[in-house]
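One chain, chain A, appears in both complexes that follow, with chain B as partner in the first and chain C in the second.
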Partner chain A sequence: MDRIVLDNVSKSYGPKKALDNISLEIEGGTFVCLLGPPGGGKTTLLKLIAGLEQPDSGKIYFGDRDFTNEPPNKRDVSMVFQDFALYPHMSVFKNIASPLYAKKLPALEIERKVQEVASFLRIDRFLGRKVTQLSGGEMQRVAIGRALAKEAKIVLFDEIFVNLDYKLREQMRVEFKNLVDRLSITTIISSPDPEDALSLANKVALVHEGAILQYDEREKVYNEPADVFTGAYFGYPEMNMIDCSVVMKNGQLLIDADSIQIPVRRNDTVAAGAYVLGIRPESLLIGETLSTPIVIPAKMIFTEVIGSDTIVHIAVGDHTLEAFVPGIHRTVSHESIMAGLDPKDIYLFRKDTGLFETRGV
Partner chain B sequence: MNQTKVKRESLAFKVGHYLFIIVMIFIFLLPLYWMLTTSIKTRTDIIHWPPIYIPKVIDFEGYVRVWEHQNIPAFYLNTIIVNISAALLAVAFGIPGAYAASRYKFWQKDNIMFTILSVRFLPPATALLPIFILFKWLHLIDHPLVLIIIYAGVNLPLVVWVLKSFFDEIPLAMEESYLLDGHSRLKSFFKIIIPLGAPGIAAMFMICIFLTWGEFLFAIVLTFSQKAQTLPVGTANLEGDIGVLWNQIAACGVMAAIPIILIIVFFQKYLVRGFSFGILK
Partner chain C sequence: MAEIRLEGIRKVYGGMVVAVDDMSLEIPHGEIVSLLGPSGCGKTTTMRLIAGFEDADAGRIYINGQDITRWPPQKRNMAMIFQFPVVYDTMTLYENIAMPLLTLNYDKEELGRIVDRTCDNFGIDKSMLSAKARKLSISERQRLSLAHAFAIERNLNILDEPFSSIDPKSRIKLSQMVREIQKERGQTCIFVTHSQSEALTLSDKIAMMRDGKLLQYGTPDEIYSRPKNRFIGWFVGNPGMNFIDCKIQRKGGNLVLATPAFVALERIPPEYSKRVTGERAVTLGIRPENVLLSEQEREGYIPCICDFTERVGSRLLLNVQLTEDVNINLKIPMTQSVGVKDRVYVRFPEEKVMLFDDKTGDVL
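The block that comes next holds the complex of A and B.
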């Protein structure tokens, strides 16, 4: 399957730089998530791949062929839009059949393929309906059906879960994952939600302010985020970030963030200097008695229940940290508690550049 | 206590609101009522003093005479042909113009769009002489085409502007999606823009007809025979040598108003959107 190559691509809308000289190479058959906050350039990136926008400079290749100036109808790409973009004046059948009509297939063949896609997505009983009579989840399936009917090698999904309510989003995510696994296509999905990236994609590209901060395997981005922004963004709840310094004390390197002191066990991992200490909420444990190498006294401020998990906000000295605890827990203001962490789970970023230094000390 | 006060205020507001509506309806319907009654009054009742508000004797002589002796059917047919053709022409040229204005960026777009609209600001009389000379040179004076071209031209800016706002409401993603399905830009124009813009296009077509249906100035200057003259001019001809034939003039007026009233009654829903530049969802 063909790889997608973006070579030094830039795109501006008036004075605003949507994408600034980015390069990206996506291997055929990968499931990529473009992750980043809204307005960072994700949709522009998808539109450039689809051919709906032309880059101001740079080249776009599918395989070895230069597709930079090819119009969308000449590209082997289909796309599912954020608001689905179904054709309201056509039936579900005609919506799904649209790419097949474009291929000028015989009517029987179209009928067969639409049936096939529709039963695959379990929307075959809606085929005769108008799309305006469907619910959000059904509309999304029709939009996906239309994109699949084209049988393109590259399928793009632009923030497709954003318009769905919480419960439906969870459900669609699972279905979507199963669906993509069964097809051999190159899939690129854009999302502001790190959960999409974590649960769906093989590879994650962090897109922020027109730049790609990191493009790597999902696990690699999680374990070795390129910089402070990537570390904070990739993961939910966000990583706790604390300014700290690494100092030599009695012949022993020490991460010093006032109330949090972490000895560095291996002196070769980090040099003395100013850093940002990153602690993931899921590796910060709280309890009365803890067996982690480092245990610090803390105070509980409040708890925040998300689904069936709890984010516990705690105060450690002057720092406010978030800890992720499965299950639902009660709120007790200013209750004394212990916070524990393992030095192998912490992240260090350079204070001056924001770049990743090391994980685990 | 407070609640009753609020209630009384809103009642006063309601009464004022309806009173205002009734007065406005009265003001707008009075000329129509007067035209209708004049058309069925006898000639002596028309000039009777004090005026007869509710005619006691009903006389259809005006209708019979204009239909049989005054060539009104020919003028009527001209009016229909001229206005429908002009509206079709305006819409046919306006749709691509509005699409380009809605979807493309081009050099000096804002200025060009304003220049197009400014044609509507011009008092028609200022353009009358040059237009007369132009059409004389084209040998089109007193030809049905002359009014078709002028009416279409006068309405075109409005069509472009209103349809632009209709097309702006059609999500770009819908067209983009259609292109990605593998269709051409031209096909997306015909299969997405035209069907989804159809209510606006239909409204503009009817509005174009309304706006020029009673046009008088260009019609009387540029046409002078039954071949091309329209109802307003034909009606004015009735102000002849043997005095003003009020009942016949009023009968012409009533007949001219009927198609417009019917269109408004049946297509009110679409017309409101058209008149409000498509901004009502």
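The block that comes next holds the complex of A and C.
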């Protein structure tokens, strides 16, 4: 399968720079998630790959061939839109068949291909229905069916899980993952939700303010986020970020964030200076007695139950931190508690540049 | 001080659609009660009936024992906060907060004190009080409309999806404020939401609704741990409860829970043994975090294949295949490492298992 190469690509809408000189190389067969807040350039990036937009400068290659100026129908790409963009007055069959009608295939072949895709997606029962009679999950499958019928090797999905209620999203993520696993295609989804990136993709590209902050294996982005923004954004709940300084005290380096003091065990991991200390909510333990190397007194502020887990907001000195605790918990506000963490789980970013320095000290 | 009671409330639209059906509910003074359920479950209609925006076709509504079923909305002394905050743009912040108090003949000093306290409660910058409300962001507007509602004591504050249009960061702050002020003042609230997280976080009790009916009324913990039917077990929780269709069969002298492919439980859990005494079909329910996992073969464990894994905070969510048509979710600590296609073994601890009727879905 061909790789996709974007080489120094820029795109502006009027005075607004949607993408500013980005380069990206995606190997064939990869499942990539473009992750980032709304308005960062994710959809523009997809549209450029699909050929629905032309770059102002830069080149786009599929394999070694320059496709920069080729129209969408010459590209081996199909795209599924956030609102699915189905034809409401047409049947499920005709919606799926629409790219095949455009290719002017014989009726029998269209029939066969639609049946094949529909049974693969388990929507063959609905082929005669109008799409307005379908649920959100079924409409998503029809939209995917239309993209697959085209038999493109690259399929783009633009924020298809947004605006769905959480139960539907939960089911659709599972179905979607199973589906992509069975296909041999290059898949690119865009999403503002780190959970989509965490649960679905092999590789993650952080797209923010027209730039790609990091493109790497999912685990690598999680463990070594390129900068403060990426670290905070890629994770749910967001990483706790605290300004701190690394200082030498009695021949020992120490991370000093007022109420939080963490000795640096190996002096070669980090130099003295100003940093941002990152603590993932799942690395911050709370309880009455803790066995972690660092234990700090804290006060409960508020508990927030998310599905089957709880985010506990605590005050440690002047800092407000979030801890992720499995299960449903209710706490008394202002109650005293201990917070614990292991220095091997912390992140340090440089204060001046925001860039990643190290994980674990 | 207000306690609200609904007795057999019914509302039918157009003689056809039963929006609310024989709903009875008691909301004690000073509690937050959430109406939770999927779209179309009747929660919004119930709220509108309580507020007096709709007339009930049957049933009665009481405030502190007084029948208010036919009272007009303005007489009920309730405040409403909507998803999109109602703020008077051309008025100042002070006027927006003070307006509901003007009819109550407070003297100017007392009025000032109430506005002052309300600002403290909701984190409204007092130096901004004389500014027009026009420039506020949506989360500031919602704060202002909450301040407006909570400024004085009423019979009931009705919160209709008040956090849905607010960014996640401010949402948490705001719900925390509401909870604290509501407890401090002892005000009774009804909270309408489709978000299980908000309901579990904010409520003293949750009224779980579906198809116009009240399915269960209890504390968040009761709703989560002891759902009265499979729908609730599935709807609340992320992901929801697992369900496996089983048969209760006689094996030796014992009753066991089994599918054609495996034995799920060697005996009926003691708490069900009085109600389940013979062979029959049942649905076994268990929450993903309660399924036990072993990487090695063990006595009493069922072999399965891991279909996919997903990270959820500090836990790993696994989906495993027990048979061709039985897949379940598990949540395990990150310290256990399981990959896709790995063979693993699971067990259902009997004290965590719930049994539901195979047809009605109600707990046995």
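Everything that follows uses one rule, which is that the second predicted complex is superposed on the first by the 361 of 361 C-alpha atoms of A that agree within 3 Å, B and C clash if a C-alpha of one lies under 4 Å from a C-alpha of the other, contacts with A are read in each partner's own complex, and residues count from 1 in each chain.
Rule of thumb we're sticking to: a contact is a pair of C-beta atoms (placed from the backbone, for glycine too) under 8 Å apart; a residue touches a chain by one contact, two chains touch by 3 or more.
Just so we're clear, the structure is a prediction, and the values are computed from it rather than from any experiment.
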Exercise. Since both structures carry chain A, what do chain B and chain C do when superposed there: clash or fit?
Worked result: fit
Exercise. Put simply, what angle do chain B and chain C open at chain A, by C-alpha centres, to the nearest 10°?
Worked result: 80
For this session: Would you sort A:V174 into first (chain B), second (chain C), both or neither based on which partner it touches?
Result: second
For this session: Scan A:I328 for contacts with chain B and chain C and give back first, second, both or neither.
Result: second
Exercise. Is A:G278 contacted by the first partner chain B, the second partner chain C, both or neither?
Worked result: neither
For this session: Figure out whether A:Y166 sits in contact with chain B (first) or chain C (second), or with both, or with neither.
Result: second
Problem set entry | Contacts of A:P55 with chain B and chain C, given as first, second, both or neither | neither
Exercise. Should A:I306 be classified as contacting the first partner (chain B), the second (chain C), both, or neither?
Worked result: second
Exercise. So, does A:Y236 touch the first partner chain B, the second partner chain C, both, or neither?
Worked result: second
Exercise. Looking at the superposed set of three chains, what is the minimum CA distance between chain B and chain C in Å?
Worked result: 7
Seminar exercise, completed: As the complex stands, chain A meets chain B at residues 47, 50-52, 71-73, 75, 77-79, 81-83, 85-89, 98-99, 101-103, 146, 150
Problem set entry | chain B residues touching chain A - in the complex, by the definition given at the top | 171, 173-174, 176-185, 192, 195-196
Problem set entry | Sites on chain C touched by chain A in the complex | 38-39, 172, 175-176, 179-180, 194-197, 200-201, 220-221, 224, 234-235, 237-240, 287-289, 307-308, 310-315, 317, 319, 331, 334
Problem set entry | chain C-touching residues of chain A, taken from the complex the two chains share | 165-167, 170, 174, 177-178, 181, 195, 198-199, 236-237, 281-283, 301-309, 313, 324, 326-328, 330, 333
